[in-house]
Structure formats: C-alpha cells, structure tokens
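Both of the next two complexes hold chain A, though its partner changes from chain B to chain C.
Showing the complex of A and B:
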C-alpha cells in the first residue's frame, strides 16, 4: 500500500468493507452483495463530498446491477476535465476486480487497454485479491481510477492529447 | 426487486446529488476578502486576529470586550489582547471607545475597571475593615495593584455607604475604633492642665496604650489623633487654645494664668515681663496688649504707680533736688522702661518742657536748681584747682600721705554720720541737707584743713574761695594731680568732672547701674561740662590778666635786684685784672667770684624766669618771698631750666654751664645773652657808679672791720680793705688765696704793715689747721694751742684793725 498517497489511504480506510462473497449469478446473495456495494458507495461519496473531493457520478445501468455508467472529472490548472465512465461486474466478481473504462480516452494514452480500459498499477490486483471479498466497487474507484486520473490527466492535458471542452468547442465549431 | 436495494439506490443517488462542501485554502480566502474589499462589498473595518487565521469585525470585538468587562468588572487590555487574539492596538482603541461611551467604566493603567467592580471591592474592604478595625490605604492599593490615590478617589464616595468607617490620611477606621480613640484622646486632653506639645501628648498616649495592651493593641495614628483632637476642640468637648498647630494650652491653664496675672497686678499695681514669663506666657507684650482695665500706656504699670512716681518727681522739682526714678520702681524695671514710665509722668513732661528739670541717663531726674547748685559747687572747685595745681614746688606726695594719714586716723564718727545722712537724705534731699552733706563730705574727706591751712594762707587769692571746697579739691588733686593739671591746662575732662561731682555729692556715685557704675556720673558730667568749660574759660582770662600784672611786677623787682647784684659782680670782676699775671691765683679767684656772687644771680634769674613763664601760661602762683633763700644744686637748676620755653632754656643752660666754668668773662657773656633773651637789661658799670659803689663798699667794709670780732673772718676783710685803699678795687678772695693776695701787697704797703699782715695770716692759718685737725681728736695739746693762738690773734686784732683804719682815717 506504499504506492498510494496519504489522502488515498485515509479515504480507503474509511470506506466500509464488504462481507458477502457473491457474484452476479448468485441470485439473492448477489442482491445482498449489491446492497453492501451501495452502502460502501454512499459512504465513500459522502466522504468525498464532505472533503470537497467529489469527483465522479455513477449509477447502475441495469436492474441487476451488473453494469454501471457515469462520469468522472479532474481539475487541473483550474480547469475541470470531464470523462465518461463505464464498467461491468465480471461473473467472477468479487474475486476479479471490475475493469473500469474511459471510452473517451481510448487510444490517447498507452496506459490503457484496448476498449478504453485503464491500466491499473501492479499493486492493485494483489491488493484486491488479498482483500477479496471485502473490497467492492467503491474501493476499485478509490484505488484504481482516482490515482490513474491524477497521474495521467495532467500528462494528457500537457501533451495536448486531451483538451478542455471550452477549447474543444470552438475548434469543433470551426471544424464544423 | 428488493425494496431495500431500491432504497439504497435512491440514497446513493441523493448522496451523489448532494451539494459538495466547498473547501478553500487560507490564501484563497485572504485573496477573496481583499477582492471583496476592493469591490466595496465589505465597507467596514475588518480586523484579524494575532494568529492571522481569523477575521473579526470591530462590532464583534466591541461586543466581546463589553461582555468580558461586564463579566469580570476589571480587565486588563493586555489580557484582552491575549484572550481575543486581537492586536493590542485595536484593543486599546476599542477600550477607549468603550470607556468613553460608558460612564461607569474607567481606564486606569491599561485596565478597564467598572464601578461595579469597585462596589465589590468596597464591600470586601468593608468586611476586612470590620474585622481589623483599621486598614491602610497603601495596603489596599498594594493588594489591588493600583495606585493609592486611585484607591482614595474610589473609596471616598463609598465611605459611609458601602464602607462603614472613616478615612484619616491614608488610614481607614471603623466608627467604633474612632470613637474609642476619641474617648482616649478626650480623656487625655481633659486631664492636661499645663500647656503641652500635642505630639508629645500623642506619643505618651501611644506608649501608655502599648504598655497596657501589649503590642497588638490599639495604636493611635498621629494624624488621626490630630483630626480627632481638632474635632474635639471644635465641638468644645475640650477647652483651650491651640497655637502653631502643636501647642495646646488648656483653658484651665489660661484661666489660671489670667487669674494669677490679674491678682499680681491688682496687688502690686504693675506686672513685669519676667513675671509673665514665669507664668509661661511666651510673648508677654502681646499678651498684655489685650486691653486690660488699669493699664496706662506701658502695659504693665498701673496709673497708681505712675502717680506715685509723678508725685515724687514733683516734689523733687519743687525742692530743687534730684532723684533716681529707679529707686521708686520695682527692681526689674530696666532703664528703658524706666524712661518710658518717666515720660508718662505729667510733671516730668511739664518740667522738661519748661526746663525746670532734666532727665539724665534715662531715669534720673535733676531739677534745674539742683544742677545749678552743682555747677556752682564745681566752679568753686575749679578755682581751687587752678590755684593748687600750680603750686609747683610743693611735692604732691606729701599732701597725699598726709591726707591718707588723717583720713584713716581721725573722725570716724564724722564719716559715719555723713554716710548715714547720705543714706537717709538720698531720695529727698533738700538744699540744706545738701549743704550739710557737703560740709560733712569735706570733713570726712579728711581733716586736712589743719595741715593744709598754712599752705592755703600763703596763697593770697585762694583765701577767697570756700575753704571746704579747697579741701575737697586737694583731696581730689591728691588722687589724680597729674590728670587734674592736664585738665586745667587743656580743659575739663569728663572724668575729672565726674570725680568732682562725686566729691561734691558722693551719693550720686551710687547711682550707676551694676554694669556701669559710672554711667550716670559720666552723663551728668557731660551735661555739666560745657557750662563748666565756659566758666573756666572766664576764670582763666581774669587770671591771665592778673598774672600779667604780677609778672610785670615781678620782672621789675627782679630787674632792680639784678642791677644791684650785677654791679657788685662787675666791681669785683675788675679786681681780677690785678691777678692776671698769676694764672693759678687767677683761676681760684675767678671761681670764688663765680661761686660767691654769680650763683645768687643765676638762681634768681632762673627762678624768676620760671615763675614768669608760668604766669604767662595763666597758672596761678603764689609769690614765695624766699626765692633766693635756697642755694640751688646743679640738678635743681637744670630741672627748672627744662620747664622754660626752648629758646630761654638753651641759653639758660649755657649760662649754667659757664657759671660752673672757670672764666668770669664767658659767664658774663652767657648771662648777658640770657638776660637779653628774657627781655631784661644788664647794667654796665661806669666810672661814676663804680666810684660811688666803691665808696659805699669801703664804708661798709670799714664799719665791718671795726666791728668785727672774729679773728679768722677779720683777715680777708682787712685784706679787702687794704686792696681798696691801695688799688681802689674791691676784692673778693677765698681763704686759700689770701696769702697770695697778701703777698701782692708787699710793695704797696709799708713794711711794717705787711709784716703784721703776714704774721696774722700765718697764725690764722695755723689756727685753722689746728682746728680742722682737732675736730674730733682726744684732748691733746691742740686745744690749748688753739686757745693760745686765738688769744694771740685776738691780741693782734687791734693792731690789724689799726693798720686799715688808720690810713683810711688819714686818707679820708
């Protein structure tokens, strides 16, 4: 856990851990698991809000709660960069972590798999495996996506691969 | 679908929709605030705390400070700064604001203190005060950490309301304590009967209390004592007067003092300052100036006393006497006071104005009659003085010793009487008594009259004056004859007059004060002096005139005598020419002549000159008839010469010297010079006079020879007669020159005559030598031989006489 910064670690410790080992195909157990996922997400969101560190919006895209969509953002140089966010709950969940996708950044950085799935650090998977089934979606966002955005967005913005929407719009208009 | 799940979904949704709290950095906020101020969105003073992390508005600060002040009542501004975290500057500013707007607050030494606080403190103090009954303001101030002045100003309005007690110069006291001390002080003050220093009283009270109650007892503060004391005086709780703030004179004492002064005054009709001082009246003059009933001018003398004195003085003036005012006044009345009182006497004022009396030496009154009498007496004294003082040849010592002797030996009773009389008549002397006294004085002075009367009678002019006076004067003279002479020459000294007065009226001498017994006398004498001087001057003038007459007479007489003597002298001088060839004989003859004839001339001359000189100087002198009686010695002469004026004195000296020499010529010259200097003439011998003189001389000699019976004396006379017959010259020769002189006659007289002469001479010589040898020898044969010789000479005498008388008879 040495790789993450102090704020990330403090946030992680405050997210309630989950207890039910159940995947999407486990029926009622999954429902229970999903309830726990919600609780964890609510705690995390509340925590973020209270720390003025709100950075994402997600919601379940299907009633089973196996696909999630939303957006995330990052402030760099007093500009907010917004990205779409989506991921599926794998069948082997919670043994396997969900693969978070940022489709808008697909192909713009090599820290990404095809299809816009972000490359998580080497430390993420062992930690997840070690903490399965206690980690959930909230933990995945906290440990996976947040550090990735903090590391990659400044580089992308500086290299010009990602532009602010205020700048994009006029250029798009001019292109159009 | 599980409702719970739905619920969670909604919850999650709402959590995500919830507004995120905004977190700003300090820097951002500071910038924001500045932006707001720039934009004038904040248009009031915004203060920030010392930490710099907070903004605070002045209103809030004000609010918080007021709240704090109300809570604690007394807050230090520094404490505000610490508590509120606001800079002291703002705190002070706001503090002043608060204090200004709220009259119940005060800002003292960086502290804001409310009246309520002081009320509380006042109650606290009151509690403590009631416990300990006295507190010092300094103590309170030290406890409260404020200045004692502040404490004083704060506590004063609360005294009597919140604080039950009274304040006395930095001390707070409870009423009980004060009343207790008041009781002590009142008791002490009422107990005092003599004037006391208050501080001493206070100290003794303190000591007393300490002794009684031990160290932790009540102690009387000095200031409290004083305030209580003055309050007591004001309330007439204790009676008396306070002088200079410290000297307390109880009314009892003042009353007693006044009583005793009054009683003394009514008894003695005066009161002296020293009496007042004894009665502890520090400033008697002021004390007496408080109007008192029977005071006349001089505050401590009643009119009765003045009247008494006045009557006495009136009496004195009427009777022409004098008196010493001091004798009628109490002993302690000093000279100045006495003169003041004198000036109060109406009779004195009147008399002085009409010059009937005179005040001398401040307190002695002399009537002018008395003064006049005194003057007369002294003038008489002066007469005798002028006569006696010139009584030149009478040695003063003689009279002095006589007087002493007489006074000691005789008439004690007389003296006693005079003293008694003087004592009794001293203050009311009358004219008669005065005279009597004078007489007594005279007699008491000595019974000198007997031994002196001879002298007096020999002084012609002195006889006129009162004998008594003269006696007095002589007695005085004997005391200080030198001084008196001086006085008579120069003028009258005051001392002399004083002595005179003393002699005339001895009781006057007793007048002087103890410090200067002669002060009175000297004032009197200085008063009399001018008059006396005047009369003396007059006297002297008369005397001078008389003297001039007398000196003329004297000189005339002398001239006659001188003429006679000098002619004789010249006559004999001529004869000396005969012996010029024999020097030794000549010298002897010269000497003899000088001694025999010149001496009287010189003495007479000198004496006359001296007398004349004195007369000229106005000194009364009695002419003594026996001027030439005494042969003067050399010393005598020179001393007389010294009294002559310079020019005369020098010449007289040369005359005396020449007179003691060997040559008649030099003496004659010197004598001539002196005589001319003194205004006389030396008559020269001319032939005619010489002849007549010789004639008379021969006649004289002849008669002498014929009547002469002494064998020895006969010879020179015979020889002189022979010379007169032979040489027609008068010879004056001493005995030892006789033989030489006789031998000169050898050729001139017949052989026989010469032989007789020689024979007589030789036998005379042997007789004389025998006589001189046999003066005291035992009886050998000399007596017989003398007798024999005498007989022989006597037998020869007729022969010798015959020698001379015969030829003269034949010659004439």
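Showing the complex of A and C:
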C-alpha cells in the first residue's frame, strides 16, 4: 500500500472500513452489512464532492441490495467520458469482490472479461483478498475501478475506440 | 470464409473436405442408436468393448456401474471440451453441464464447438455435439451465472435434485461428483460454497494464466482443505513462477496510474495444457467413481519441467467459510468410528503374515521392535520428548472482529441511509 499515489491513499484512509462478514444469503447480518456499505459509500461520495473529484453514481437496483447500477465518468483532455456501471454482489461476498461491469465497453479493450467485466485480477484482487471483510463497494470503486479508468480511458480515447458523445454522429448506433 | 485465428482448418482444400464430411454427418449415416447394455463383446458396432476389457484385466471391478453415476460439470473454458468429450465417450449416465457464455467464433479453436454453433450457448452446443457422439448419456445443460444469488439457487437445486433411479444411494445430493473447470476465483469459491453446504465431494481443476502449468485437487468437505481454507493457490503458483514480482510490481511501482503496463489479454491459453489437465481430471474422476487406484488430494503439473508435485492439505480450523467449519466438526465427530475401522483393517492385513516365521535362523540376533502401536499413529499427539513451541491455534479467536460488530450493530434505518445516498447522487 505504501506506494499508491498519495491522493488515492488519502482517499482510502478516509473511507470507513467495514466489519461484518456477511453475504447476500445471510439474512439479518446482510442487512447490517448493507448499512455499513451505505455508510462507506456516503462517506466516499461526500469526500469526492468536497474535493471536487466527484466521479461516480451508484445505487442499489433491487431491495436486497444484491445488484447495483449507476454511472461513472473520467475526464481526459478536458472532456468528460461517461459510462454505465453495474455489478452483482456475489453469493460468496465478501470473500470475493464484486465483478465491476462497464457494459458499453464490452469488446473494446483486452483488459476486460466477457460481458464488460473489467480486469481486476492484477491490481485489485490481491488487495481485496488481504482486506476481506473490511473492504466494501466503496473500496472496490476507489481501488478497482478508478485506477482501471485512469489506465484505460486515455488509451481507448486516443485509439478512437471510445468517442466523446459530441463527436458521435446522431445516426450512429450506440455502443451497447 | 471467416475463421478463428489459429484454427487448424483454414486452408481451402481441407475446408472442402470438411464440407464433404459434414454433409455425410448431416445425412445421419454415422449416428448410432442407444445401447441398452454395455457388453464386452468385440464387434465393430460395440463402442464399449475396450472399456469393458478393463474388467477382464482386473483394473475395474464393474465398469458397467458407470451408468449409475451422475456428474455435474461447471465450466467456463476449454478444459470443458476435453472433459465432456472424454466423459461422454466413457459412457456415463447423467451429466449436468453449467456455463454462462454464448459461443464466439474465437471459441471454435479451443472449445467443443462447431462453426455452425456460434451464437448458441456453449452448453447447448456441447449437448448437441455430445449426444451425437454418445446417445447413451443423459445430458442436462444450464446457462446461468452461478455467482449471482439467483444463479446459485438454481445451481444448488440442480445438485440436490435426484434421479428417481438413484434415490437409494445414500448420497446427500443427486450427483456423485462435481467437476469444476471454471477459470476464475469467484466461480471456484461459489462451487466450494455449494459443495461445502451439501457435503458434496468435488474435484477442482485449473490452468495457470500463462497456460504452462495446471493442477487438479480433490476436495472432500470436512476431511480436506476446502478452497477457502488456504489462500488462493493462484497466488502460490504465481510466486512459483516468479510472477509475484510482476503482479505486485505493477501496483507497487505505479506512482502514476497512467503508467500501468497494458500488455494484451489477461490470460493465455494452450489447448495441449488444457488437454493434459482435462485428462488428469477425468482419469481421477473415473478412479474415484469406479474405486480403482488412488486419487491424489492435489496433483500439480508444470509442463515446462514435466514436474508433477502432489500434496495433501488439512482443513483450516479457522476457515472463513462457516459451512466448511460445520463439515469439519462432523468429520471430527466421526473420528472414533473411523479409527476403529482403520485399526481393524491394519490388524486384518497384519495377522496372516505372523503365522509363518520369516526366517528360521537368526545368527546375529536381530530383533525388530514393535512399532505398530496404532493408537499412537492415529492420534494427533506429539511423540514423547517433543513439545510445541507455539500454542495450538486450532481454537479460532475472532474476539476483535466480534467486538466491532456489536458496537456497530446500530439501529439506523436502512432506508434512511438509502435516502442519504440518493440525495448525494441527485446533487
């Protein structure tokens, strides 16, 4: 951890850690875990906003909190690129991390598994494994998705794979 | 014509021949009908004579028993092709095949897939092809992501469901064995979860990201380490291959995330490695089901050095998987009965030998000390003179964690928290 960039590091230290080891099949314990997830997300979003570094929206897509949808964006050369964001909470959560999906980028980059799941294997999975169950959704976004966007979006844009929405011809198919 | 890169059938001439062959297949000339009994009779039309010869040679007691078995295969990669292929040719009675993908053209090169099946789910394609190869096998295909809550329930249900015929076998589930051929940690943990909960023995298989090594592992809940007991083997394998540096190096040196290396796809694939691992997996599945030979608890394969390490892992008494802990408790409770059985077996084997003296004279007065005190061998106690330097860690202490939980078990309304996040999202 010592060698992550300082802004990620300081953000990480301010996201509350979670404590309850419970997955979506654990009933009441899962509800407690969900509360912790919300707390961490609220803290992280608030912090991003106050640092003028707001970069995602996420909310539960079902009452059980097992599916989450939203969006995220990345600014490259002063232009903002938006992507839909979604993931399921796996049954083995929090032993395994959520597999974050950017469905619009499916098939556009090698650093992605089938169905738009971003590749977290190298930079994030070892961290998650070491910190389970203390890491939650907010940590997955901060340490998993954010670095992925920072590494991939500039390449996708520069190679022409991803176009800014202003440049897309109105008749062009959307990339979904 | 479009073809997957690396496809062996690219040249036009071969393609012509393939078309010819395919047309004869479609005409239905080669499809055989179902076989009622597996016979050892050696005639051209009997697909099983060579398999049944295993009985005559005394390797397998009753090969025909194979028709009573059910096996569930969870797949998401090429090992599947080889496995289901071999298993089907082995003449099994019931196979469940689980997968999440539809086939892509790229799959033609390494999956059990024909070009005209592109777009079908991989499992449906497999069922189609396999039932052509061996109509005696009952195939069931499922296409669903088992890591989701819904997919997991369907998965558990398919494992629990019994064939009316096999009801009386005293099994916990409707299958005899689960074979895992998935390509990611999450899916393995899900299979592990299901098998721990159902007390179902399973064999896990894997090929490393660089496609030159692999492993199979027999997991018996409670008796052996479950997949969550030990830290992911992937990490150990990476370290063995000197890749740990690479793995953590990327993260550790990445002062600026933009400098992250970006080197093509996340994993390589080599059909021969998959073939070897698939062969090892099915061989051991057959040994397990038909009870011949020994099934290694863990068998590794390093193709660069042709090195096959084996090892055994005890379950972790501090495993985070609660179902695993329950199985461990059950296993310990059955220990006295097991010990008695083992003792009886050893004594039964030892007794006939004592009847005849091995040597009539003993010029040098050599005597063999009796070290067959079985109870000492079977108990976990240390031999005399040895002490443990560190206290036994078998008693799991989760004090710190539990303390936190009680502090945080507040009664703030979940909806209130949701509203707070929504408000933040809206602004």
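The rule we apply is simple: the second predicted complex is superposed on the first by the 165 of 176 C-alpha atoms of A that agree within 3 Å, B and C clash if a C-alpha of one lies under 4 Å from a C-alpha of the other, contacts with A are read in each partner's own complex, and residues count from 1 in each chain.
One rule holds for everything that comes next: a contact is a pair of C-beta atoms (placed from the backbone, for glycine too) under 8 Å apart; a residue touches a chain by one contact, two chains touch by 3 or more.
As the structure is a prediction and not an experimental result, all values here were calculated from the model.
Asker: Contact-wise, after the overlay, does A:75 reach chain B, chain C, both or neither (first, second, both, neither)?
Answerer: Neither partner.
Asker: Could you tell me if A:96 is touching chain B, chain C, both of them or neither one (first, second, both, neither)?
Answerer: second
Asker: Where does A:114 make contact in the superposed view: on chain B (first), on chain C (second), on both, or on neither?
Answerer: In the superposition, A:114 contacts chain C only.
Asker: Once the structures are superposed on A, label A:51 by its partner contacts, choosing first (chain B), second (chain C), both or neither.
Answerer: The answer is first: A:51 touches chain B but not chain C.
Asker: Considering only the touch criterion stated at the top, classify A:34 as touching first (chain B), second (chain C), both, or neither.
Answerer: In the superposition, A:34 touches chain B and chain C alike.
Asker: Which chain makes contact with more of the residues of chain A, chain B or else chain C?
Answerer: Answer, by number of touched residues of chain A: C.
Asker: Could you tell me which stretches of chain A are touched by chain B in one complex and by chain C in the other?
Answerer: 31, 34-35, 38-39, 41-42, 45-46, 49, 57-60
Asker: Along chain C, where are the residues that touch chain A in the complex?
Answerer: The touching residues are 101, 145, 147-149, 152, 184-186, 189-190, 192-193, 228, 231-232, 235, 247-248, 250-258, 260, 262, 264-266, 320-321, 401, 404-405, 408-410, 412, 414, 417-418, 420-422, 424-425, 427.
Asker: Give every residue of chain A touching chain B within the complex, in rising order.
Answerer: The contact residues of chain A facing chain B are 31, 34-35, 38-39, 41-42, 45-46, 48-54, 57-60, 63.
Asker: Which residues of chain B touch chain A once you look at their complex with the stated criterion?
Answerer: Where chain B meets chain A, its residues are 1-2, 4-5, 8-9, 11-13, 15-16, 18-23.
Asker: In the complex, go through chain A and note every residue touching chain C.
Answerer: Result: residues 2-5, 8, 19-21, 24-25, 31-32, 34-36, 38-39, 41-42, 45-46, 49, 57-60, 64, 66, 70, 88-92, 95-97, 99, 110-111, 113-114, 119, 121-123, 125-127, 129, 132, 146-147, 150-152, 154-155 of chain A touch chain C.
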